[in-house]
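Quick heads-up: structures coming right below.
After this come two complexes, each holding chain A, first together with chain B and then together with chain C.
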Partner chain A sequence: MALRELSSLEKYLGLKKPNKYSTQGDKKNNNGPPLVGLVTIACHLVKEAKRPELLGDTAENRAVVQQWLEFRVTKLDGCTKEDIKTILKDLNVYLQDKVYLAGNKFTLADSLVYFGIHPLLVDLAVQEKEQYLNVARWFDHIQHRPGVRHHLPPLVVLRNRIYTGRHH
Partner chain B sequence: MKLFVSEGNPHCLKVLAALDVSGVQCSVQFVNHEEKVVPFLSRPALPALLLPSGQFLFSSNAICRYLFELNGHESSESCNQWLEWEATVLQPALLRAFHVAVLQGKRSEVTQVLKGPLNFFDQSLSKGNLPYITGEELSLADVVLWAALHPVLSEATLVSDEHKSVRTWFDRVAALHSCQSAAQKVLQGKGLQAMKSFMQRQPAPQSSQCRDSPPCNSN
Partner chain C sequence: AAEEDQQAQSKKALKKQQKEAEKAAKKAEKQAKLVCCVFYFLSSQDFAKDRYGVSVMVQSQQKLDRVLVQVQHLTPEKADQVIWLRARVHTSRAKGKQCFLVLRQQQFNVQALIAVGDRASKQMVKFAAAITKESIVDVEAVVRKVEQKIESCSQQDVELHVERIFVISQAEPRLPLQLEDAVRPDGEGEEEGRATVNQDTKLDNRVIDLRTTTSQAIFRLQSGVCQLFRDTLTNKGFVEIQTPKIISAASEGGANVFTVSYFKTSAYLAQSPQLYKQMCICADFDKVFCVGPVFRAEDSNTHRHLTEFVGLDIEMAFNYHYHEVIDSITDTMVQIFKGLRDNFQTEIQTVNKQFPSEPFKFLEPTLRLEYTEAVAMLHEAGVEMGDEEDLSTPNEKLLGRLVKEKYDTDFYVLDKYPLAVRPFYTMPDPNNPKYSNSYDMFMRGEEILSGAQRIHDAQLLTERANHHQIDLEKIKSYIDSFRYGAPPHGGGGIGLERVCMLYLGLHNVRQTSMFPRDPKRLTP
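Then we have the complex of A and B:
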């Protein structure tokens, strides 16, 4: 999963060097020992592609990007069934007045949190998804960004509540 | 900018040490473990940093990294890698170790619980043969890993002393005034026992899931 994410990210960034990853998930680094860790490698790729704005354009936004990248690998990965509700509920509140996770632009945080949240949303019933409209709106926006989705199938999400009642 | 911390919370040790090392000016407020500081999170999350823009950072490594960047120290890739290892591999093991030692009173099991991560860390340190984790100078990785390991390594006999390189490195970082003062503020010289009320409010660790492998392999 993580390897496919990194390869999707490489394609998005326009880096064309295949077979850079060993099965251990290591990134063969030209100038030193191999790098380990999804966030570490993803940040390295962004720098390699000379797209520093994807890590945030101000010190504060860089911090917020790192915050969500850490959230991805510590909270989303390996979360339990009970965690999922809390995670989606919190994200839904956070995204209430936001288009992207950090600042007013698309960043690496949107991409890696999108990859991490995709498996959580796949399993949700339509009625459940209705509770997280802000997450659905953000998710749909990110999945329709050219070049982001790659290895994942598109999900049908409701961007607006069509029915007001719970039962239909 | 305002930093919210609570006593007996090991993650707050990191940010207080990082704040002191970085020399950044920031007001610090001690609050209760249960205080909901970050408005969008349904569970209490400390430490938390209120940024000038009104946004919150709600995890310790992101806060530490920001404090260092404000002081002109952007973290290197090697440093980033250790921070990610700390958050994804060491922390789940530490949570289990604190759980058995503080709540179940089984101090003898701590060595076994931490064996994998400590072996890995020890080998990396002895291979590098440098005074600090990423080189000749103290970096954010040293502050974060020192703070993470402080509750277990500062108590004599809690962890077997087979990890010689870790011990040498730990004592070197622990000698810094910033680290000593942060430890005093958070644990007040009471060691692991100071963490009891914090640990009682944590969800029980998932004991079956051992995440010793690098994060790339775990999903």
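Then we have the complex of A and C:
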């Protein structure tokens, strides 16, 4: 999973030569020690592609991006069925007044959280997706951003609210 | 030592509690006795003793020339008149020299006041306060206008000043459930710790539950559905028929029918009047309908399945296209919806108070979608399903939502079902043999009617029965009905309870069945 994500990320960043990763997910670095971990490697790839703005353009944004990258690997990866509801609920509240995770610009955080949240959303019923309206909006926006989706199938997100009434 | 001390203390506390409980019980008993005694003892020296009491049992001893006024007719026009009425004691509240009663008649209620004065004695007020809830009383009273509206009653502009009160039928002091608890909307009064009554308790004590304003409204509306159904169809030239419910063979295989022993052999309870409706068509009745019980032996415990329900069945011969049948049925449904909307607004509002829902919406003419269109809509919403797959319940509901969003209607017809998912007597579509001339109708995304053009050709019918591997011997008489000239015809069957449930936006079909029958309930 992580390997396919990294290769999707490479394509998005426009890196010509695909890197080779070992099964632990560490990258053989040509002129330095090997790098370990999804977030570490992803950040390195961003630097390699000379796209530092994807890690945040101000000190504050950089911190927020790091926070969400950490959220991705600690909260999303390996979360249980019971966790999903809380995660989506909290994320839904957070995204209420935001286009991207770190404010108004697309960052690496959006990309990696998108990859991580895809398996959570894929099983949701239409009604549940509508319940997490802001997550769905953000998700639909990210999945339609050119070049981000790559290895993942697109999910249908309805643009109309169909469960507005009180009748279930 | 401390532990022992504590134990001794808790023992003491327990004893104290016990004593207190005994005391309270004794007090209650004493009070109950006192009320009786006070009444019998003091009544002998009471100036108003002829104005109240427990009446002798009504055994039709006399024909009283007394007009009993209906509670709903108690309006300011009747102010200052002396009237008699019979009602139930809904609640009573005594306060010093006064006693307030709420008198209830069906879904209407009015406030009554008994105050010590030249008409009522102290004893009389005491007696009134001691009448148990739900007792039936005859009351003579003066109607008085009130300054401030009485919010808790249906008759808000008047109250009754009681002059005489007699108990006609006394209720036992302990009720299995409180009416106020049974009509409380979900979630209301939770912070005050007020009780709500769960469905099973309500159904176990259905007689009392049926007295609630909500139940009264539901079943008055249900009666309206039946009446509107009959009136509309009769106006269209339909004939009402009565069909037997004990039948010799199951019409569609035998999986979901009840078997009853019938002398030396066994019989089945009809799962639909299908056969008989069709036989009437073959017997030149042209357009028929039938209102009666239908039995399903499905062991499904869901919010919308009953083992016995009331079926409203329609069957009619048509000229050239089965859409004539669809139009006839949808028009009937629309007439019912209109009739309910125009004549049962009070009932709808009453139910809405306890179970809020949006008003029911429909289009004229009724929206008709083809199955393939519906599947396409579901695909668009991200549902994965095959073109000829049957609709699952969640998909049915989702489709209802999508249709509501797109067309703003709670009622629509889904036409041209895949042939494979319909019974053997369904006419195949002439243009595409994978589909059929069959249809379902939906209210708020749930199925209420299943119907189709039937095969009126004995040979094709035999073919289809064979295809479904049905024993031809068992349905011989059915197939034979079509051998002597049968007109093309179609029809459908509606579940009365479901229509009421979905029209009112309720969540359980047991709420709209007076004495529901399901796999787990056979009483009351």
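Everything that follows uses one rule, which is that the second predicted complex is superposed on the first by the 160 of 168 C-alpha atoms of A that agree within 3 Å, B and C clash if a C-alpha of one lies under 4 Å from a C-alpha of the other, contacts with A are read in each partner's own complex, and residues count from 1 in each chain.
In this text, a contact is a pair of C-beta atoms (placed from the backbone, for glycine too) under 8 Å apart; a residue touches a chain by one contact, two chains touch by 3 or more.
Everything numeric in this text was worked out from a predicted model, so none of it was measured.
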First, second, both or neither for A:Tyr94, with chain B first and chain C second: first
Touched partner set for A:Val126, first chain B, second chain C, both or neither: second
Residue contacts with chain A in the superposition, chain B compared against chain C: B
First (chain B), second (chain C), both or neither touched by A:Val156: second
Footprint of chain C on chain A - complex, ascending: 125-127, 155-158, 160-163, 165-168
Parts of chain C lying in touch with chain A, wherever the complex brings them together: 356-358, 380-383, 394, 398, 401-402, 404-405, 444, 505, 507
Residues of chain B that touch chain A when the two form their complex: 39-43, 51-53, 55, 57-59, 61-63, 65-66, 69-70, 77-78, 80-81, 84-85, 87-88, 91, 206, 209, 211, 214-219
Chain A residues touching chain B - in the complex, by the definition given at the top: 1-3, 24-26, 29, 32, 35-41, 43-44, 59-60, 62-64, 66-67, 70-71, 73-74, 77-78, 80, 86, 89-90, 93-94
